[in-house]
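Chain IDs A, B and C follow the sequence of writing; residue 1 opens each chain.
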Amino acid sequence: MWRIRIHGRGGQGIKTASQILGSAGFYSGFQAQDFPLYGAERRGAPVIAFTRISEDIILERGPISSPDIILIGDETLLNDPQSAPLCGAEPTTLIFVNSSHTPESLSQKFSLITANLNDLCLQHLNNRTVYSSALSAVGARLLGNIDLQDLLQAVEDELTPHGISSSALKGNLDLAREIFASLQPVDILRKEEKVLTAKSLVLPSQLPVVDGAPIILEPGNMALRKTGNWRVERPEIDYEKCNNCLICYARCPDGVIGIAPDGRPEIDYDHCKGCLICAQECPGHFIHTVREMGTFP
Amino acid sequence: MKTQKKIMLTGNKAAAWGARMAGVEYVPAFPITPQTEIVETLAKWFADGTLQGKFTNMDSEHSMFMAAGSAGATGVRVFTASSSQGILHGMESLYTITGWRTPMVIVNVSRALATPITLEPDHNDVMSTRDCGLIQLHAETCQEVFDFILMGYRISEDPEVCLPVLVNLDGFYLSFTREPVLIPDEKDVRNFLPLYTATQPVFQASRPMARASAVFGGATYTSFKLQQELAARHAEKSFNQVAQDFKKYFGRFYGPLETFHLDDAEYVFVMSNSFATKGKSAVIKLRQQGIKAGLLKLRLFRPFPSEAIASALGGCAKVAVIDQNLAPGMGGITYPEIVTSLYSRKDRPEKILSVIGGLGGKDIEDQDFMAIIDHLDKPDRGTPLYLYDEGDVKGFNRLQQIAKFNEALK
Amino acid sequence: MKVATGGHKKIKDLHPHEAIAPGTGLCAGCGGLEGLRLGLKELGDDFLICNAAGCFTLLSVYPFTPLKGSWLYTTMGGPVPAAQGVRDALDIRMRYRGLEEKENLQVIVVAGDGSSNDIGFGASSAAIHRGLDFIYFCYDNEAYGNTGFQLSAASPFGSATQTTPSTYVHEAGTEINKKDLFEIWKAQKPAYLATVSPREPIDLSNKFARARALKGPRMFICMSPCPTGWGFEPKEAQLIAKLAVDTGIFPVKEYFEGEVTHTVRPRKRLPVEKFLERQKRFQHLFEPHRQEDVIRQIQKRVDEYWRNYE
């Protein structure tokens, strides 16, 4: 069995990528299973999806904690604690990152494969952040046991229900074809089955109600959760031109634009989700946007 | 013993008196037969100043239980009552508020569930709340109704429990039946059950808090659910302590079970609520005929007192569990619980029979008990024993003929 | 009687206080969150939100809460009776048990349009009938958003939802009109009733300031552009909200003591398609062919509404 885990963000087509890969595997004669992990998080937030492809019956369900292949659509997630794309990776795990950086610059611990999918996506889809076809093509090619025709059929079958136009479908097929041709299959080492050991189970002790019931006594502690990692693009205020009208402050749904003591608006990048309403609404267009790159160390 | 006055009360009035003596401060209410007399009585007492607090006419049981829970989370002593369809309509709220872990006492006046709709009692309504996380006390007499409400607040407000307590009484057979009930002085009740002070954080401006927030991940969910389980299990200990205390103050003692001629019994009926009285009468008559019958009455139904049940029934030869409820396709709801309690005992009964009777208020008569004895001596027939006879079949046939009278003329 | 106004005239008058901390799991660009944020600025921290199941369930996820005040998650149909229980219990404690007035809480219900128009509708009607002293904030994104955008009674005619898709047989998608919750609530004569738009923060804040000074049921319906369900880029949320007002599709108004006042009037109403064409849920009205009759019906309904007021 090959276990594939795909990481990206809400809106990047990560679930669809897992489905294209699942269908492609199925069309190539394998047993297949795919499913997304639905958290509460939304567009821009980290998303994980899974595909299992096997010659035999698949006797597994649920998340893949120990993947054979990890496909990472968004390099900014590499060190994200919530997404944790490298969690469960072993030296034998094949890890692909959509990045223009060299593998060595991204990780010392693991040997990665990198390729920049953004430009290809832009070229074929006129959109640089939808990776459903691109990532599934990467996965199918690296696996080496999926036919190109099966992959293309899967792209068509999975994208059609989304109401995709015929030109957009053609773009996706071309994209998949180009990526498939540009990569070579990689030998994936099968993991050795480990000897089962029993968990040590505990009888929980009874807690006072304040701990034993869902009660939170720390008002506003949501700020501990950093939603800055949702951002694909970062709004930046041009303070040279900003006239402190505070429209951006008023319009920010998450309230992450504060007012500094000197009256200037200030963006809290730890939490800014990158909706970019501020940039859109700034009357003088003094907030410009920059693509988030290299948030990894 | 303290002075207690004895007055004739219906089960419903006894419930209202229990709430009054408990010093309830808040009653969100919605009428339903056969419960309505309880909230009517309390409404009057709030209106004329006998009770201090608020009585709110709600728009449904779903709303009523929600208001009861949120008021509990805001630190007042809450009482409410319902029945039958009302319990089902409020079911989502019941599960919700037990998870909030706020104390209150709920009275359910048992009434069978639709379809067909009827007013008369059986226990499918209260059994539907079996898995909510409520503590359940089942009453046989009007006195038990009154006493269980006072005990119920002590158990519910025990910091190690903090779960709603449901006191169950049968519609008609208890709700509208008057019998003498001992009512203690209010000041004596205050010693047993002081006015309410919350032992957990409650909503007020100086204590902002979030309650009942969503969780993600099965492990967190399991953690909270297991705490509910531990609290519910702890309630048996709490019940026994409160029962001792209750005896000290008022002279009446309630164990989680009541045994009746059980010691040397060869045939045992397991029953609960008001029909247990009928069972006791049958036991006496059977013994007069030389049949060693006995009865075990369940008072504490949640938490389920498995150990106590196993001790009581261990060594008994033949046991009939009489369920006044029906899980179609399975049979009685308490039957498998009783059987489970006894499974690991070497001296478990040689036979445990599932009996279904009393549905929709259908009487259980002496001859029914005799029939149960007969069947305890016969081989199993693979289904529960239904207390349903030739007369019932004939009567039903007559109704069917009327129901399709014109059809028959064609 | 004139209601107290918040006296806000410009952006800088907005209350600097933020009652909602960042970090929530709500979608980037959520119009409803912006509405709630602006509204809570006027109410201080001594509040309790009874929340209905819906998108805003995600405001508080254990062990986190974004609120400086209190929160009680209830059920989809249960936030209003929960508010009743809290209100009653606080009143009881203040009257009989010596709870100080400073411990009082402003009880707020937060519910989506699905809860408000459908499953929780009876309970809110009952609470207005009882005169419950509370604020009701309905974030109206015109569908069951949290479950993936299915038809609610607030879904507008001509919009596509997951359960009223546009097909060859049912080209318009949703073929029934949005329930007029404002008019229904108005018929019960609540103490105060207003529609608000996140695009009109001054108007919104003044309305919350007014509501704060009143007692009894105070009902808000907040137009809540939803990037995820309506199908537009998150950055356009405010633009969409503006177009809803400028086309007259969403009248910004208030009801107080028997009178309805439009507090923000579109100077010259834009054609409705300016609002429709920017959203994926109305895309089928323009592609593959223009559904002129549907667009005209939507326009007609808006024109009929404003005929009484212009």
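The rule is short, and it goes like this: a residue touches a chain if its C-beta (ideal position, glycine included) is under 8 Å from a C-beta of that chain, and two chains touch if they have at least 3 such contacts.
Keep in mind that what you see is a predicted model, and the values were worked out from it rather than measured.
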Reference chain A; chain at largest CA-centroid distance: B
Indicate, using Cα centroids, the chain positioned nearest the centre of all protein chains shown. C
More C-beta pairs touching across which pair, A-B or B-C? B-C
Just how far, in Å, is the C-alpha centre of chain C from the one of chain A? 32
Indicate the whole-number Å distance between the mean C-alpha point of chain A and the mean C-alpha point of chain B. 52
What's the distance between the Cα centroids of chain B and chain C, rounded to whole Å? 43
Residues touching two or more other chains, restricted to chain A: which are they? 39-40, 214, 216, 219
Listing for chain C: what residues touch at least two other chains? 45, 57-58, 60-65, 67-69, 71
Which residues belonging to chain B are in contact with no fewer than two other chains? 207-216
Which residues of chain C touch chain B once you look at their complex with the stated criterion? 45-46, 48, 50, 57-58, 60-65, 67-75, 77-78, 80-86, 88-93, 96-97, 99, 102-105, 122-123, 125-126, 130
Residue numbers on chain C that touch chain A, as the complex places them: 11-12, 14, 16, 18, 20-31, 33-34, 37-38, 45, 57-69, 71, 198, 201, 227-228, 233-239
Within their complex, state which residues of chain B touch chain C. 25-26, 28, 52-54, 56-60, 62-64, 66-76, 92-93, 96, 203-216, 220
Looking at the complex, which residues from chain B come into contact with chain A? 99-101, 159-160, 162, 199-201, 207-216, 223-224, 226-228, 230-231, 234
Which bits of chain A are touching chain C when the two form their complex? 39-45, 214, 216, 218-227, 230, 245-247, 249-256, 259, 268, 270-271, 273-277, 279-281
